[in-house]
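Should a chain be cited, it is by its letter among A, B, C, D, E and F, assigned in written order, with residues numbered from 1 in that chain.
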Amino acid sequence: MNDSVFLAELSWPEVEQKISGGAAVFLPLGATEQHGHHMALNVDVIIPTAICERVARATGGLVAPTIPYGNRSQPRSGGGPAFPGTLNLSAHTFSLVVRDVIVELYRQKVRRIVVLNGHYENIWPSVEGIELALDAIGRDADLTILRMDHWEFARPETIERIFPEGYPGIELEHASVLETSIMLAVRPDLVDLSRALHDGPAKFRPYDRFPRPPAEVPPSGVLSMTEGSSAEKGEWLLADSVGRLVEIVNEEFK
Amino acid sequence: MNDSVFLAELSWPEVEQKISGGAAVFLPLGATEQHGHHMALNVDVIIPTAICERVARATGGLVAPTIPYGNRSQPRSGGGPAFPGTLNLSAHTFSLVVRDVIVELYRQKVRRIVVLNGHYENIWPSVEGIELALDAIGRDADLTILRMDHWEFARPETIERIFPEGYPGIELEHASVLETSIMLAVRPDLVDLSRALHDGPAKFRPYDRFPRPPAEVPPSGVLSMTEGSSAEKGEWLLADSVGRLVEIVNEEFK
Amino acid sequence: MNDSVFLAELSWPEVEQKISGGAAVFLPLGATEQHGHHMALNVDVIIPTAICERVARATGGLVAPTIPYGNRSQPRSGGGPAFPGTLNLSAHTFSLVVRDVIVELYRQKVRRIVVLNGHYENIWPSVEGIELALDAIGRDADLTILRMDHWEFARPETIERIFPEGYPGIELEHASVLETSIMLAVRPDLVDLSRALHDGPAKFRPYDRFPRPPAEVPPSGVLSMTEGSSAEKGEWLLADSVGRLVEIVNEEFK
Amino acid sequence: MNDSVFLAELSWPEVEQKISGGAAVFLPLGATEQHGHHMALNVDVIIPTAICERVARATGGLVAPTIPYGNRSQPRSGGGPAFPGTLNLSAHTFSLVVRDVIVELYRQKVRRIVVLNGHYENIWPSVEGIELALDAIGRDADLTILRMDHWEFARPETIERIFPEGYPGIELEHASVLETSIMLAVRPDLVDLSRALHDGPAKFRPYDRFPRPPAEVPPSGVLSMTEGSSAEKGEWLLADSVGRLVEIVNEEFK
Amino acid sequence: MNDSVFLAELSWPEVEQKISGGAAVFLPLGATEQHGHHMALNVDVIIPTAICERVARATGGLVAPTIPYGNRSQPRSGGGPAFPGTLNLSAHTFSLVVRDVIVELYRQKVRRIVVLNGHYENIWPSVEGIELALDAIGRDADLTILRMDHWEFARPETIERIFPEGYPGIELEHASVLETSIMLAVRPDLVDLSRALHDGPAKFRPYDRFPRPPAEVPPSGVLSMTEGSSAEKGEWLLADSVGRLVEIVNEEFK
Amino acid sequence: MNDSVFLAELSWPEVEQKISGGAAVFLPLGATEQHGHHMALNVDVIIPTAICERVARATGGLVAPTIPYGNRSQPRSGGGPAFPGTLNLSAHTFSLVVRDVIVELYRQKVRRIVVLNGHYENIWPSVEGIELALDAIGRDADLTILRMDHWEFARPETIERIFPEGYPGIELEHASVLETSIMLAVRPDLVDLSRALHDGPAKFRPYDRFPRPPAEVPPSGVLSMTEGSSAEKGEWLLADSVGRLVEIVNEEFK
């Protein structure tokens, strides 16, 4: 019908052909979460989807529909639930969705699955979702699942190029230079740098407080800073992620 | 940032402004399910999303991210799980996702919610998801949730215009003239009529059989027929749905 | 002990003998739900149980205890939860009961199961209960489960005989002519036609509203009408259901 | 309609009147479980239902539909799952059913509930079901729930009259003299003393073994003995239970 | 490293060696529950752990970490939730913990498991936890699980020696002579007999009341009496339990 | 009875007095997980319990029983499930335990709770457990819960003193110098440095693989290194944790 790598944009006979040919399926995990005054709420959906699209194209794979709601946002990593528009799933619900999709891919005879996560708080519930799927499928199954977080693939050289004065650390990289740059590269229409507040970086206490978190999230919701973001830097980061992921896929699924 | 009606394409201050102004939020419920040789698997995502987009634009509302995986496809209504590419959630998982999103919208102070469903098998689990949300929120809350299935809004006159020789019934309208026409209107790139098999309509026995369903689903996965589908008819149907839904929203949320 | 077809009225050695002889087991699904001023709350229990009893007698089967509480009644199909006496299970609870009973029947070496439903809102949770049972049992098991709703078996000729002026449709057939007639045939002591209000038929809007449903359910709880109900018509309907079900059982389980 | 005390045999306006008059609702908890060669599988359904019927009649109450499937039968108390015909629910499923029914009764404005259990293994899951209902309803609600097991009400004098040579203890009273006598009093058609094996009483080790229980359940499934059972003794026991329960209801709900 | 029988006090190579040698694993089930004015809240943790330790030492087994929180305390058996310091798990949570630990022991190739319970209200949820584990593992697995309650092992002679004037029954033996004596034997530092109130024994009505239990629990929380408790009697009871359990282990796992 | 700060070592009147005086309750979260050839499996239990004990003593608080089983160990952070003796809970089970204990503490009128975690994989399920507790309690409750991981409190100066040649990073600090030193300070009997293999540090790929993880965990299970561990360093680390936590408690609960 078309040459889309998105599974849901193909007809079932096209999907059948791809799967029977051994195509890997990429499952992007997103979230609907505040990303500052200057970006849309779908950053964690856009970025892993864009990376999966490029890697799938390079490796003959398919991209399953991105899960658009993520596990509960926390103040120290994503601003937390108080920001308008942040819509969370509970961890158990999120894990069940991941479980069901993986079990279904397995039932559909997919044996190579890459789960690419774009939202910090999804890390552990996605691990649990995979574990629950394996509880159902059996752990001696002829199946390989790789799970990863896209921000792990930025090469040290790239980080140095982007932060010549020192990297503030991934913990604060929420709605900051890395995410903003990638968004400028793939969906500049969803970024408006002129609205960025410069009220960060956040200095968090080393603990969580419930139900009233400490007032340390900057009012903007940006945990670090946005100055210096650019589409060019975004392309560097995408090149790192896509390149590394293509290598991994080729090595693991050869 | 932009004039999108999609909640996830706005920044959090934009969402905050919309919600505090009383905007209704539309939640489309989709599925990833076979729709014949001639259409993509995302028909149940595309159609309710398109309707919600138009209604939200007309009424000042917001469209939350579409749930892209639906409740288990059944042979008599959607071909069933045997078709490659159909990826199902269990009913409980699907209901929990609906519950969590509704509870979150309520927490975000949204008081007018429209759940628009595009996948037959989602009907009951979406009812349950809303019930579970109300179990958590409380049933005397200041909140109105409308739940509907887009195919309920085709006017009898339109059905007659489309099927001058008689309507085969909504039960068989899976991947058939209605859905195909709407897809031709909104995403013609995901339809290829030249590939449509003409092996329907399905004649189902009046019962379900598990785990091996009767062999009555036509090989194509189309339950009724596709001849006569056109973008023009799709626009008639969209006009019906959008028009009726705008009326309902104006009446219920005035 | 006796010649009952009800499994629970036999001793275990009698059940053992029946099962080892290949007897099919019928599981009726009921509800405790308002059925107008003129009928008891157990209509959805009585009718499928009566049909199962007759079919089991004709085919050498056994009838398992009827599940007497059903999935949440909804305004458009059963009047909804506001009517006194309506006692609902949540969908998940109902599905787990169905799952557990099916898994137990399988463990007891039953390989032919007929799930006969008598309550509209049970349709989807009973499908899910069977799916959950198969998730546990395995889908390649030597087992056949048929699931059906008793109102599917009325022959068009019978419907025409009963409604010479046109059938209002099954959606409104709650506590109306069909159910009332069957009750008059099997449990006339639980019907008092003199109390029937004639405030229907209901005209529903094509959507659900929560938590406050539209005020469209007729005060009586009867969705359509009761005039013309008779035990004779009830027997016609029972004959249709029993006859068709005997055919299905003989064909599917031969 | 009729003067039944069974809630499900009344119409909704009749139930409404009863509830608004402060009627207590009795919920019998049963099971489908082997009860020897000489009795039907529904002993645990019949007995608490019969007691509730009599007490409701004496006190103006209503009897809700008996839950006909019980928590997993165990070898030391009911013979265990190996006996044909025993159909169990898991503890969680059983507790959820109890929870849902209690929550619904409360929603229907019932404030006096008596849960009368007839199956040993239901004791704890029925406690949990009530606790779960109170977790949902709130523990400061204007509501009283009494939970009891019918065998607790046999007066010592009666036990002595029945067992002049000493009481073997309630642990072994499965399908034995007490249950058999009550069944002879209320449903003699479901008892056939001529088939009773006299292979008891069981001598159990003081522990459980899984998944293969010790071979100590007598082949008949009768844990103690049946000699000396009679309808007369059954009436003594019923009189004890009904009398004591009427006292309790009058005292607790005055 | 050391000669501990506590699994968690060994290094993994030491555990590996034990398991590959066929060691049985003992899982003590405890609770955090009031035990009168004169004893600490951890009585139900201390006693089964102490017994398991001795039996494991005698039989070459290992003791897994004791589950320190138990199923909801009830007034008639443990004083109930109203006593400060009593911290309960719900039955489902408790069963899931037991399930998970058993499944993990099986995964670790342990094939001989003894679950020794020290808290009355844990009886049924521990049975359910084992059943759930077997649902996951499969019931034809090469595995034996024994489940027992430590108070079942007191020999009649010992009970007679301890209660020369008659045994009040295990139901009331909460924080009374048996438990107090064993605590005096194993952890005298957690007992202060001078603080014991002598307000028992409790006389319970033969039913439960929710949410406000009858005021029949003695203010002290001791259900029976403490006079006559001594470390010597505690040693008698421990000798009974340990001796009997060693016999059982040797017989069942030979 | 005694001056223990462990809640379970007190009688209920003692606990009552403490709670009514406003005592904070510390809940340590542990695990049963391999920690190399040279340490016992209970490191993640011992360390947070020891810190809580000291802080409770300094601030007049109470220590609730440590949860001794943790969320599923993963290869990149704890060696993973393949090591003998590692016994995991699923994330949902672990979260439910945390939820239940917090809800119970709240019910017992505790309003100041510190959850101190000692196992990396518990981070997210403990967040979820607290969120679930607040879902039940309500988020406007008069209650403060602090959640923290003990390794966050090592001061940079201390880390520098311990690793003069550079800190390998907390990710690899499993069974390595930090944990080994603290264990040498508090439970030297559970450490045997002579058995330490020196096969680390681990070099992990930046992704997870299921169900067969990459073979990158060093055979010993030690992720980093153990040389240079000492009780003295352990005391430095404990002093940091205890000191910082006392400050936090004093500040947050003043």
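One rule holds for everything that comes next: a contact is a pair of C-beta atoms (placed from the backbone, for glycine too) under 8 Å apart; a residue touches a chain by one contact, two chains touch by 3 or more.
Quantities reported herein were computed from a predicted structural model and do not represent experimental measurements.
Colleague: So which chains are sitting against chain A and chain C at once?
Modeller: B
Colleague: Could you grab the centroid distance between chain A and chain B? Build each centroid from C-alpha atoms only and quote it in angstrom.
Modeller: 26
Colleague: Using CA atom averages as chain centres, what separation in Å is found between chain B and chain D?
Modeller: 47
Colleague: Counting only Cα atoms for the centres, state how far chain A is from chain D in Å.
Modeller: 54
Colleague: Where in chain A do residues touch two or more of the other chains?
Modeller: 90, 92, 135
Colleague: Is the chain-to-chain touch network here best called a line, a ring, a star, complete, or other?
Modeller: Ring.
Colleague: In the complex of these two chains, what residues of chain C are touching chain D?
Modeller: Touching chain D: residues 1-2, 7-13, 15-16, 19, 32, 34-42, 45, 64-69, 81, 83-90, 92-93, 96-97, 99-101, 104-105, 107-109, 189-192, 195, 221 of chain C.
Colleague: Please output the residues of chain D touching chain E within their complex, sorted ascending.
Modeller: 71-72, 74, 90-92, 95, 121, 123-125, 127-128, 130-132, 134-135, 139-141, 143-148, 152-153, 205-212, 244, 248, 252
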